[in-house]
Amino acid sequence: MTDQDRDRIYQSFAAQSMMQTLGAELITVEDGQVRIAAPILPGSRQQQGFGHAGLTFSIGDSAAGYAALTVLPRGQEVVTAEIKINLLAPARGDRLIATGRVVKPGNRLCVVTSEVHAETDGELTLIAILQGTMVPVPT
Amino acid sequence: MTDQDRDRIYQSFAAQSMMQTLGAELITVEDGQVRIAAPILPGSRQQQGFGHAGLTFSIGDSAAGYAALTVLPRGQEVVTAEIKINLLAPARGDRLIATGRVVKPGNRLCVVTSEVHAETDGELTLIAILQGTMVPVPT
Amino acid sequence: MTDQDRDRIYQSFAAQSMMQTLGAELITVEDGQVRIAAPILPGSRQQQGFGHAGLTFSIGDSAAGYAALTVLPRGQEVVTAEIKINLLAPARGDRLIATGRVVKPGNRLCVVTSEVHAETDGELTLIAILQGTMVPVPT
Amino acid sequence: MTDQDRDRIYQSFAAQSMMQTLGAELITVEDGQVRIAAPILPGSRQQQGFGHAGLTFSIGDSAAGYAALTVLPRGQEVVTAEIKINLLAPARGDRLIATGRVVKPGNRLCVVTSEVHAETDGELTLIAILQGTMVPVPT
């Protein structure tokens, strides 16, 4: 993966205002694997005070989408065709870390998974898993 | 559905700071069906300028969760066990409207669906469908 | 829908040996909607004696796939890219009836749903819902 | 895992007539992981002659269910609440092998995944991934 390839991922991420609203940042970009972290901001909570499923979903989905983008030719973007999330534990802790991975690359469909962990004092708890399909679209 | 029942839904919704961040509001609460609307705020976008999948998911998931809550005894909350979203069209327009419905109520598991439409000049376009499972938890 | 269009669905269905193994038959074929019925054969059971989830899935998935095929140009087949099933009640009764419907047609992806009912003495109980994506492929 | 625990899995599997119809056999049973293999019988095909999605689903779902059962107290069975399958490649080869795993055990809900490989001349190709929820029920 060239610096130029990595740059296009960072540029696309920077253009997602939702990621900024959620305080999310791109922490690693490798071939077929991308990590995004986000704090549980006061404005990202559900009714019990934990992180909203929408927060966990948003970073899990974006990490999976960018993982797909790492394996596509330049001049493409991806959109989510479908994705499913199983929530395993409440989203609480210092921050959430989503790890998206490519399971099956493809020019028409790219199958991806994502895991979301909550980090507390450096310890990770798996709080959600996602499985979905990304579709390449021209930039 | 009594006013008291409806009130607890509105109170729970008001406690979800994520809904305020997204500018979402609860527009109808009926037995087994709840509607939530949200604009596509400047801070809720993906890289192409459309609404982020996380926005569509968040209101679709919350509408489905509150639909489940309308059919549960008082003193319960619900959490999402799992939910899947198929995205059909870009999220663009004046606002998004999510309609959550109960398909199968239950004390252990409540199966729900949600449809999300984009509204432009009063016309609705279906942009996403969701299918999931809500689980009752004590308040 | 012409007789010729309907014929290609029946021919494709007849070529699915799995449908014969399960005793399934195509009962209605309309634009965007297909119904398949199957008995709960002695060889289609799970460990408690009810119909196996694989039976419910197989007819639900096939009904959705053929619903997609009704809205595609001739010379195409469809394959399932992904599908999710929520099981609502045990599969028991005289027969199961799956109704597949097209939610969003498309040349690259076709989003579908399916409902499976169990019929007992003419009464229908909803036992499963499915939501998925079909992909057109050349014949 | 005691021999008695392993026996109850084999007994439950033997009671699933669908598994016999599909020619499936339980090949390994470990704590939190179960493998099921099945040939692509002449009666398990879709219209192009590959294994039907219902075959891949049936063994993937059963492997995941039995993986869940390995981590539950005795006197319980499991049923599938919901499960999603992404199909990655045609089901062709000498046999299919499904590996079910427990991601998150629980008394109310058990989150599971399953991978299905096709084996040809000893080489494995990943053809499907599943992600779902199993629910314990009394025997």
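Chains: A, B, C and D, in written order; residue numbering restarts at 1 for each.
In this section, contacts are C-beta pairs under 8 Å (C-beta built on N, C-alpha and C of every residue); 3 or more make two chains touch, one makes a residue touch a chain.
What you see is a predicted model; the values in this text were computed from it and never measured.
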item	value
Winner on C-beta contact pairs when B-C is weighed against A-B	A-B
Farthest chain (mean CA position) relative to subunit B	D
Centroid spacing, where centroids are CA-atom means, of subunit A and subunit C in whole angstrom	33
Cα-centroid distance, subunit A relative to subunit B, in whole angstrom	21
Length of the line joining the C-alpha centres of subunit B and subunit C, rounded to whole Å	29
Where subunit A touches two or more other chains at once, by residue number	81-82, 84, 86, 111, 133
Subunit D partner contacts - residues on subunit B that touch it in the complex	81-82, 84, 108-109, 111, 133, 135
Contact set on subunit D toward subunit A in their complex	84, 86, 88-89, 103-104, 111, 113, 126, 129, 131-133
Contacting residues of subunit A [partner subunit B, same complex]	12-13, 15-18, 20-22, 42-48, 52-55, 57-58, 61-62, 77, 79-87
